[in-house]
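Have a look at this one before I ask anything.
Labels for the chains are A, B, C, D and E, by order of writing; each one numbers its residues from 1.
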Amino acid sequence: MKIGLVDTTFARVDMASFARREIQFNWPNVQLVERTVPGVKDLPVECKKLLDGDCDIVMAFGMPGKEPVDKMCAHEASQGLIHTQLMTNKHIIEVFVHEDEGKNDADLLEVCKNRATKHARNAVEMILKPEALKKRAATGARQGRADTGRIS
Amino acid sequence: MKIGLVDTTFARVDMASFARREIQFNWPNVQLVERTVPGVKDLPVECKKLLDGDCDIVMAFGMPGKEPVDKMCAHEASQGLIHTQLMTNKHIIEVFVHEDEGKNDADLLEVCKNRATKHARNAVEMILKPEALKKRAATGARQGRADTGRIS
Amino acid sequence: MKIGLVDTTFARVDMASFARREIQFNWPNVQLVERTVPGVKDLPVECKKLLDGDCDIVMAFGMPGKEPVDKMCAHEASQGLIHTQLMTNKHIIEVFVHEDEGKNDADLLEVCKNRATKHARNAVEMILKPEALKKRAATGARQGRADTGRIS
Amino acid sequence: MKIGLVDTTFARVDMASFARREIQFNWPNVQLVERTVPGVKDLPVECKKLLDGDCDIVMAFGMPGKEPVDKMCAHEASQGLIHTQLMTNKHIIEVFVHEDEGKNDADLLEVCKNRATKHARNAVEMILKPEALKKRAATGARQGRADTGRIS
Amino acid sequence: MKIGLVDTTFARVDMASFARREIQFNWPNVQLVERTVPGVKDLPVECKKLLDGDCDIVMAFGMPGKEPVDKMCAHEASQGLIHTQLMTNKHIIEVFVHEDEGKNDADLLEVCKNRATKHARNAVEMILKPEALKKRAATGARQGRADTGRIS
């Protein structure tokens, strides 16, 4: 199994490193391919190239800024990432942390670590162990913060 | 006939279970295929895979959160689901319940149950009995709440 | 000539009936094919199926609700309908009446009747008599209300 | 060289006539093909048909109304026009004048005339004389109002 | 290696000139192809033509105005540029500077120069030296202003 990790120079936290560690520690046989692009709008085509190649799934890391124009960039990037998946018939796990999600730098770092780590697990399981995701269906799972739980 | 049910780990209510029960009770010969992905933006390509396979129709369950960023995710997912339908020439019934649609947890659960159950019926009828939908044309049908009725 | 009429169970006014009457009265040789889907987001792929078949043009009827989420649904449906046209190289006449366009039920009904009737004429003329549309170019034509007229 | 002019019955100013005059006066050898559709959302597929045919470029004229729903229609039409260009590998010059751009009817008419005329020139030059556009690069050129000029 | 530079007549600052200088000075062997279109919405198909040709990457320069309608144009153009990349499997570096990003004309000019110059470097490195981008991954790199740095 091969996972692509694509991140940006724009981001202020090295989210790919958290995913890399999680994957290498728990699934040492999974291969990683890493790429860096300037910003989130450059992610879609870079992910597409990896998925057109031999990657089974790609994680796309981005950290949109606080301004309205940054929110719009994130929106456009997300649309492009969904389009890419439909063109390649493979999943891309979007791991975006908005810069204003954190109360301060330490909190932002924590959100990034939590989200990247949990999504690394999601990415591997989507390919190798989809039944694991099925068990967590509708459980209020959150990446970045604590899970919220199921209402029943 | 085969129906795909795709839901998310993010949702806080197990909507797929309501649809499953409705279908198995009323149309025991209909086959079901079930998948779970992390969030609503992962739904489009998962639905596409099922529709590229032998599913006749897919129900896509999601529960977008309350924040503006969640609303945007839902929007992007919806665009992707429509695109998927146009690529596969098959229907996807989007069953999204926004977390802020319910006045409280009990009400939210009720909305989910009502919407998932009625849309399960819609999904089956769209394939097996399209004339049933035709009879309900322009009747103010609602999924999640009571119907509003026709103005004439 | 064959026209598709696709409407929803969600709508509260039977707009397709106004179009049907207008067409059958004035162009009795035009064939009609009718379909019903749950809501506006289900319209694009249903229209696509008819256009991939032998329909020359399709009228898509919808009545988006008053809430922001309804407006967003209408937007997504409209994008899908435009995409469908580009995939099939045929026209779809979108006949959407927003529930809050009417001052009251009677007014809403009137808007629906006016819009559906005038657009039925547009649909036929776009296929059989494009020069009739050309004559009305830039005349401030309105469907649903009175025309506004040309500024010159 | 052949240029398509596509306008709407919805518009209140005959913008195509300004473009026609400009082209016929200055480039009498350029052929024109004219079409009219109901509203701006009907423009994309009509333009696509002309570009799939033998038109080298198309001008798409529209006059979105003042209401939020009109702004949304314009947005959807613009997305469709860009998509059309990517499908055909040819340019479409979008000539939209929003009804609220004018201070009054006379001013609106003036904006329309100015924009349609200047864009007619752009359309011809994009095909016959791209170096003319290159000379005006980054000069703050405006269609509809006076140019703003370069900052340097 | 061949880079396309596409700009607009609408922009008020000659951003392409900054990129040209940066590339010619540092990578004299890189070939440049330059095009000009009227506005940002005309960029996608022009970029597509260059990428369908022999350009390895394209820089798309634009300067959206201050009004809401201008912001919408920029959004539509950005969506089109992402779509173009997915169709061609090549990168487009979007170099947009919003007219209201600058405190005054001099500041706006400085932002343009900084952004165009840094993105010229990005464009070259994405093709010739992707490992250089990888070294700058998640360092809070900014084009237009000073870098913000990494949080760790």
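In the analysis below, a residue touches a chain if its C-beta (ideal position, glycine included) is under 8 Å from a C-beta of that chain, and two chains touch if they have at least 3 such contacts.
Here the structure is a predicted model, which means the values were calculated and not measured.
Each step here moves to a touching chain, and the least such steps from chain B to chain C number 1. Path length between chain A and chain D in the touching-chain graph (shortest route): 2. For the touching copies chain C and chain D, the fraction of interface residue numbers used by both falls below half; the interface is of the different-residue type.
Chains compared, chain B against chain E: the Cα-based superposition rotates one onto the other by 145 degrees, nearest 5.
Centre-to-centre separation of chain C and chain E, using mean CA positions: 41 Å.
Note: centroid distance chain A to chain E, computed from Cα atoms, is 25 Å. Under the contact definition stated at the top, the residues of chain A that touch 2 or more other chains are 79, 83. Considering their complex, residues 7-16, 34-38, 41-42, 44-46, 48-49, 52, 61, 63, 69, 72-73, 76-77, 79-80, 83-84, 87, 105, 108-109 of chain E touch chain D.
Residue ranges of chain A in contact with chain B, taken from their complex: 71, 75, 78-79, 81-83, 85-86, 89-91, 93-94, 98, 119, 122, 126, 130, 133-134, 136-143, 148-152.
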